[in-house]
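Accompanying notes for the structure given below.
The chains carry the letters A, B and C, assigned in the order they are written, with residues numbered from 1 in each.
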Amino acid sequence: MDKAEILKSIESLSKINTDTMVLNDFLLTWDKSEDEIAATLQTAEILRALRQNNISSRVFETGLAISIFRDQSTRTRFSFAGACNLLGLAIQELDEEKSQIAHGETVRETANMISFLAEVIGIRDDIYLGEGHTYIKEVARAVNQGHQEGVLPQRPTLVNLQCDIDHPTQTMSDALHIIHYFGGVENLKGKKIAMSWAYSPSYGKPLSVPQGIIGLMTRFGMDVVLAHPEGYTLMPEVVAIAQTNSAKFGGSFCQEMHMEDAFKDADIVYPKSWAPYNVMEERTRLLQDGDRQALQALEKRCLEINKKYINWQCTEKLMQITRQGRALYMHCLPADISGVSCESGEVEASVFERYRVPQYVQAGYKPYIIAAMIFLSKFKDPTEKLSQLVNQARPRVY
Amino acid sequence: MDKAEILKSIESLSKINTDTMVLNDFLLTWDKSEDEIAATLQTAEILRALRQNNISSRVFETGLAISIFRDQSTRTRFSFAGACNLLGLAIQELDEEKSQIAHGETVRETANMISFLAEVIGIRDDIYLGEGHTYIKEVARAVNQGHQEGVLPQRPTLVNLQCDIDHPTQTMSDALHIIHYFGGVENLKGKKIAMSWAYSPSYGKPLSVPQGIIGLMTRFGMDVVLAHPEGYTLMPEVVAIAQTNSAKFGGSFCQEMHMEDAFKDADIVYPKSWAPYNVMEERTRLLQDGDRQALQALEKRCLEINKKYINWQCTEKLMQITRQGRALYMHCLPADISGVSCESGEVEASVFERYRVPQYVQAGYKPYIIAAMIFLSKFKDPTEKLSQLVNQARPRVY
Amino acid sequence: MDKAEILKSIESLSKINTDTMVLNDFLLTWDKSEDEIAATLQTAEILRALRQNNISSRVFETGLAISIFRDQSTRTRFSFAGACNLLGLAIQELDEEKSQIAHGETVRETANMISFLAEVIGIRDDIYLGEGHTYIKEVARAVNQGHQEGVLPQRPTLVNLQCDIDHPTQTMSDALHIIHYFGGVENLKGKKIAMSWAYSPSYGKPLSVPQGIIGLMTRFGMDVVLAHPEGYTLMPEVVAIAQTNSAKFGGSFCQEMHMEDAFKDADIVYPKSWAPYNVMEERTRLLQDGDRQALQALEKRCLEINKKYINWQCTEKLMQITRQGRALYMHCLPADISGVSCESGEVEASVFERYRVPQYVQAGYKPYIIAAMIFLSKFKDPTEKLSQLVNQARPRVY
């Protein structure tokens, strides 16, 4: 996009209602209206284009962005850092090992204590089923209350950097990727996407990506197929959302028991490992009890079950049965690549390598998606603010 | 404060002598003159008002702020980060585990090596009696010497983020809080503040807060009462300072052996746990010797002694005997709240909850107190610099 | 330098060809042309002078600088942080413990994933012979490929913050130091520098500093003498480079078996400990095999061998035989100082203390050297960019 195109894109953004996003959090895509989803995708595009044109999108002279990572992260950590920096915010990470964070009363207190000068709080909490989203909501409630009580001069807004339920910064980046790939959101209608479980020699991967994918992609009128072996079910409430969405938005949603059935004539395949729902539930309970022995037994048992489905792998052969043998392969990365990062994993090396560049390009949307989420939660009139940035055209690199 | 009021406040700041603060450290409040204390409080107010009016107080285009945390910290860490960011400095934390920091010669060397581009160094070192303040002074001497020798192009100034003796960023925030609460520093005269020990099921809390409180509040002409069980004495030199201050500034200072005597007719109560002085001394020695067995025995013994004073708790009943039953409850946070964060602790849950919002508001002053300390150590004419900020009125959020 | 002198220095920089530096990495000094070395030294001087004149050298409104430290670091960590901040970049450290970084395929992936908004990547990887430089090259290849494939909107450039082969940010700072000390690079011609092994009670220090010194200083027409006990050889390919350089640049290079022979009439002495090459090789192998027992045995054996050379110490007596007894003592710091940081070490306390201030001054060049490396890799016309900075003269501290 050149400057004229950016201004045109901003003009079209002005037709989308973003009022509801101001001072609001981005936690689950299905809590967001069509307008909110559309505005986020479009603002991400605009911010990306600004940077490509060496126009600064710095809107904060000073201000903190807090990150809380309760699980390892590279991609999302750097995307969040990049997004915040792009807007002018400085990252301050809450390292819970260097702090004294307890539960109950003190979540409210800690949330306020770290937020006096904070514009945004990004949280990853994806390990325990039933906990991550709850924790993020608790922090959101705390800062909301703090703002209302006059404790916080501004309401820091929250961005879900992956919880137990959804991974919106990932799936929104995925959405932007396929919008680009198929030449417009209107072209997603009727496209078949296969969200399929795939074998991995590891254990306990979160459910948030497959849940997020079926929850979001059903909104674009796509034909969404979820496939997994018996027992590897997702949270029933999210499956219900996918079903409701598909009815509402004119696509379809169905479940299959075989990878082949999902891949058949698919336009997009998203083969990815996750842990069985009931294993995750049991694991959460055991972790809370601190029962190490039972945890090891569970892990061993789970890996045994996993092995039964070692043939759930995205092979060249399987890719042949997709639409014209040319479905777009997707993954949230890092993938378990057979013969590369493990003996046998989610995807055959040649398939991954063929789609490596698009995959990497896809990951590159994430900083802009996060920046858009923050931007739209901060400005009542994003159109005016973005126009101002274009017109001032302060260079990002002098 | 609106813009006109801010300018008026800056005008009145111009009557305070701040020359002595330039390139000077903020380590102990009692080393500071009345003017220095007054200027810090007022500059903090002005910086806070600037932010409330969306006026940027960024005075550094680039520059580093170094933090050294030799103990866990959430509140102060984020306050320091926010303060430095507010002025335009980027935080670089010295993580001693990732470095090779020894004692003796190398404190001087390390202090210089990290300071080539540093404007400020914030240090928390509060665990060992007789060590923290000594360490901070050693760093201060090192960078001073480095500056004089031409090694450092600027003299980074130090901010004590809590040592074994004082916790000035906390107590100055506390002071700003009660100045607001009682409607002006002149109204503090004759107000009774009870700095009382309180029971906690934990062990080894620093003495710096109670010491800092009696050392600072006696300067405002307040009636300061220190109460603690036998053996929980503070450093005698700080108690002596409180006595001297009370004589000099027309208030009073006395010590009580019962919480009730301190709370009687108090306008402010500050019930907080700390470790007995001699236990802290013994602990420091044992830690230096690395005698784990003796340390565990000491902890056990100390907790046993603690339990004898389990009734030293800020209860609703006790609050009744304060001035009109309505004393302001204060704590540096986090408090040990009975039935919330522990079974039995420093304060009853209903008392804490009633004063929770003022407490949180109080904590919100800390970033501005720290920013003021840095600001006044950097600019010879803070009045001119602040006026310039108001007149330019660059927005903090564009 | 005042403003006029800065402009003159910029003018003379315009005569040096820096085209080859754009989007290029700074990994080994001997891969750099004379012009590239000269331009880096001079740009460092100019950036230093800008700061001394309170002129901002911020050239990035936003942008990330990634650091990867695979070994402990204080000096270089803070130098890199200061350099990046000086140019306007925000540091984001890749903490490999908080990420999931594996080898092979994923170096390419991780390198891309962290680089979407990155302008520069600084890497320290100095522990394993044959690995550090290889790793840095792998990252460089990955981001280069990523940029060419359209994954990365910009090519982040790499700065070697010490690898197994060279330590260019150190040796270039060392060069700037002696250029200042002897009053110009032209005065280095014919000066004798003794790069000598020295005794240390520790084990396994990298070879990169002595290698970097002989590889760089032979380019200034200096008489470079390398001295070490039998077995403490350096990488033969670097020794060969020193030999080639000395022939090409009209100086000399020779090796001695006694510290005295190296110190005789030396203008500069650089006594520093390092591990024997074959020990480092064996250690790398054992570390890769995870053979703890053999590693301990190796360490014990190595320290025993070390002790045989305990008299390799930079004493006052030894300093007497240098040129007029007044050679400049240098060290990359921290030094093992006899009676200070160890019982018996690399240097006598009085020698170190006498040269302490010059040493510290020397270390202060490093942030500017790093900033110059980044600057020259980013701007096609550094002369124009620097002139612009001087002419705009935005203050660094407002």
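Remarks
Heads up, the rule we're going with is that a contact is a pair of C-beta atoms (placed from the backbone, for glycine too) under 8 Å apart; a residue touches a chain by one contact, two chains touch by 3 or more.
The structure presented is a predicted model; accordingly, all values stated were derived computationally and were not measured.
Interface of chain A with chain C: the two copies contact each other largely through different residue positions, with under half of all numbers used appearing on both sides. The two copies, chain A and chain B, are related by a rotation of 120°, based on C-alpha atoms and rounded to the nearest 5. Chain A and chain C have Cα centroids lying 41 Å from one another. Touching of two or more other chains is recorded for residues 58, 90 of chain C. Residues 58-64, 66, 90, 92, 94, 98-102, 104-106, 109-110, 112-114, 116-118, 146, 149-153, 378, 385, 388 of chain A touch chain B in their complex.
Within the complex, the chain B residues that touch chain A are 51-52, 56-58, 69, 72-75, 77-79, 81-82, 85-88, 90-91, 333-334, 337, 340-341, 357, 360-361, 363-364, 366-367, 394-398.
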